[in-house]
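Following are the structures in question.
What follows is chain A paired twice: with chain B in the first complex and chain C in the second.
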Partner chain A sequence: MFDTALSANDLIFLAKGAGMTIFVTLIAVFCGTVLGIVFGIFRYQVGPVIAAPLTFVLDVFRSIPLLIQLVLANAFLGMVLRLGMSGLTVACIVLTLYTSAYCAEIVRGAIESVPQPVRRAARSLGLSWRQDMTNIVLPLAVRVGLPSWIGLSLGVMKDSALVYVVQVTELLKSTQILITRLQEPLLLLMICGAFYFLISFPVARLGGYLEKRWTHD
Partner chain B sequence: MIEIQNVRKSFGALEVLKGIDLTVHNGEVLTIIGGSGSGKSTLLTCINGLEPIDSGRILVDGTEVHARSTDLNKLRQKIGIVFQQWNAFPHLTVLENVMLAPRKVKGMSKPDAEAMAVKQLEHVGLGDKLSVYPSRLSGGQQQRMAIARALAMSPKYMLFDEVTSALDPMLVGEVLDTLRLLASDGMTMICVTHEMKFAREVSDRVAFFHQGVMAEIAPPAELFGAPKSPDLQKFLAATA
Partner chain C sequence: MFNYTFQWKQALARLPQMLDGAVVTMQVALLSMAIGIALAVVLTLFRLSRSRILSGIATSWVEIARNTPALFQIYMAHFGVASFGIHFSPWTSLLLGITFNNAGYLAENFRGALKAIPDTQARAGRSLGLSELQAFRFIVMPQMLRISFLPMTNQMVWAILMTSLGVTVGMNTDLYGVTQDLNALTFRTFELFAVAAVIFYLITKIIQLGARLLARRMFRY
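So, the complex of A and B:
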């Protein structure tokens, strides 16, 4: 029997989808950022020639549409390597690498934005490379990179809708399932949009708040 | 004592230091004058190992600066340097700017580092600006903060690289006064400067650099009063 009215159960179903979206996004943004910082510092530190292979790989992740990456990765990991990973694992791996590719660029640009003479002044006071990195470069680079990083995180959250191709039922897929059953596309898409907004809005506001707090000039 | 022995240094094909020999004794104030591109600023950045050298040696209290075994971070605690551009750490308050290196490099406790920073900032006349961010300071104040920041490490030597060149003429005086104060405290200083009056007044010796060579070195009365080389005569006539 098909029930064609929107029920509380349906809303819970959507909320579960939203939970999956948040979960996949958190994993991808967290791991992608850690990897991105490592890649970004590496690229900055060793210069363009030695970093060329890494740059190339990251460019691949940035240039190929995410949908294709997911399908190919799923096929490769599942059929060629026969790792027997779940769709969720594949989704997290691909989204993490995709995020790290963008994040590495943000990190590299942010580090480059810290004026060389300021770093020189820090080193001349006896600060080691590490101390200079953590006390001078990191705080200044974070201020520069934060708006782009917030943008990246929100983008990844929305792009995570594509993980349905590896059988992960997140927010948008849940919505489509309900649309098929209830035949109420506009209402359901509005609810789905509201869910996305509820997830994004606090992140965007947090970014705005931090930017304001860190402005001294 | 800082001993500079036959130091040579090139940037690409351009040789900026062509065999410099110079010894600076403890308690001495040496000023270096000369046209731009004469290598005087480069020499300062070589002394604390910010720049490598091609040949020769620089010894600070007997430690060879560019030897592989030298711990530069440790050596730099002895040698303060202040640059033409003051390079404040913009995300830290004036007090935090000065406290950072004593805390992180020397491992001083927070109260000790703060006491040291306050003392140095008061010394340069910024005792009322402790919790202000550098962007709120004038160029002269930022430069004095940079001096306090270097002094907070209790360096044995201070290097000043054209510290008044980027300042509004109105603000030059306050920074030079700070340097005079340091000189009268007995600090060993090497000052690269374009301020001839200042050089004449505070220096024990003045060195004239010309095209990567130390063309002349003498006490100020002698160097300014009876310049020997034609290049120095021309330089002094142009800057008078």
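So, the complex of A and C:
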């Protein structure tokens, strides 16, 4: 296992793949969170009946394999609408919507966890809806939602391994390309797995720590 | 509106084949859940045990399962293990990968559920003459499984969605694999995968509904 044909160039190739994984993840998490917050507040604000169509669509994103979402989006945007988007764009769009579907759920749960009397007290003290949202709900809801949000972000990073179907060469795909060439699957997969683990594990620990700390006070 | 003619008939004509694939998908997911739950209980016991080695094994299992992509785990079960001269069929690799993943996530859920069960219950059981294992088996475990029923349902849905990854190790009998093969035959990518998406959606809804009915029957107080 220790004499290997792996060269410095191959490591750079892997690093590029890792960079792509991080890039796609950051875009999806950022845009997905913004959209998710909007969807979550909307769903909470207008009630279950009016928000039903949105709820349904978001539920669809959570009930269909990401692989199929990517293939479908690629086929729809490429073959039906003929937009000529790059695979990377399609991957970012799909992952963003996928993230927002989960994020909306977290946001709604977090807002609901703020006790009604607290909010009524805020409103009766003369705070506007916006002031109530930013000064009362936000600090309380973040404590509830942040640990799950961290989990979601890590989940999106792991799920971004699937964007290879739309011809984006991220970490796992570049590993696979190298496996085909070097025929050393175990070593290469170990490197790839170690990378995911090294990013995911500390962040997951941080999430667990925050969750523990915030539930105690 | 579009410069594209939808050919739904071509996709619908293949519906029976796709439904056969859906059966395989369900099979793999259910099996992986059943084995996963059993393994997760064992992992939970390992983590509770005083042995450093056992709890070390359990902790690394859970952390690896939770911190690497499911696709990576399936690759590992197929290509990684093959370097030791063990060659699994795609079906087995997929099952192993998903089971590994399920067991890790479920063990973590079980740990959370254990926190909700007061220590005094196990101690009461012990003082009534049950052995440590009996106290776990008859007092703690039933409550643990009950508390983590909802997370288990979610994990089941995840298992269904994860079966679609089998295609990367050459699986072509599950719903996604069948759809991919049909796509290679007909090139009706959008229509075929849209039908597959609807089937996946229906499967997850049926599971969620079934779980709700089951919970209502089982957990009546």
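One rule holds for everything that comes next: the second predicted complex is superposed on the first by the 199 of 217 C-alpha atoms of A that agree within 3 Å, B and C clash if a C-alpha of one lies under 4 Å from a C-alpha of the other, contacts with A are read in each partner's own complex, and residues count from 1 in each chain.
In this section, contacts are C-beta pairs under 8 Å (C-beta built on N, C-alpha and C of every residue); 3 or more make two chains touch, one makes a residue touch a chain.
This one's a predicted model, so the numbers in the text were calculated from it and none came from an experiment.
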Exercise. Looking at the combined model built on chain A, do chain B and chain C fit side by side or clash?
Worked result: fit
For this session: Tell me which partner A:Val46 touches in the superposition: chain B (first), chain C (second), both or neither.
Result: neither
For this session: Check the residue A:Leu162 against both partner chains and state whether it touches chain B (first), chain C (second), both, or neither.
Result: second
Exercise. First (chain B), second (chain C), both or neither: which does A:Ile179 touch?
Worked result: second
For this session: Name the contact category of A:Ser124: first (chain B only), second (chain C only), both, or neither.
Result: first
Exercise. Hey, in the superposed model, what angle do you get at chain A between chain B and chain C, Cα centres, nearest 10 degrees?
Worked result: 100
Exercise. A:Leu81 contacts which: chain B (first), chain C (second), both, neither?
Worked result: second
Seminar exercise, completed: Max touched-residue count on chain A (chain B vs chain C) belongs to chain C
For this session: Considering only the touch criterion stated at the top, classify A:Tyr196 as touching first (chain B), second (chain C), both, or neither.
Result: second
Exercise. So, does A:Pro115 touch the first partner chain B, the second partner chain C, both, or neither?
Worked result: first
For this session: Using only C-alpha atoms, work out how near chain B sits to chain C after the chain A superposition, in angstrom.
Result: 22
Seminar exercise, completed: chain A residues contacting chain B in one complex and chain C in the other none
For this session: Name, in rising order, each residue of chain C that touches chain A in their complex.
Result: 2-4, 63-64, 66-72, 75-76, 79-80, 82-84, 157, 161-165, 167, 176, 189-190, 193-194, 196-197, 200-201, 204-205
Exercise. Which positions of chain A touch chain C when the two form their complex?
Worked result: 60, 63-69, 71-72, 75-76, 79-82, 154, 158-159, 161-162, 172, 176, 179, 184-186, 189-190, 192-193, 196-197, 200-201, 204
Exercise. Tell me, which parts of chain A touch chain B in their complex?
Worked result: 115, 117-118, 120-128, 131, 135-136, 139-140, 143, 214, 216-217
Exercise. How about chain B: which of its residues touch chain A in the complex?
Worked result: 48, 50, 73-74, 76-77, 80-81, 83, 85, 87-91, 100-101, 104-105, 133, 135-136, 146, 149-150, 153
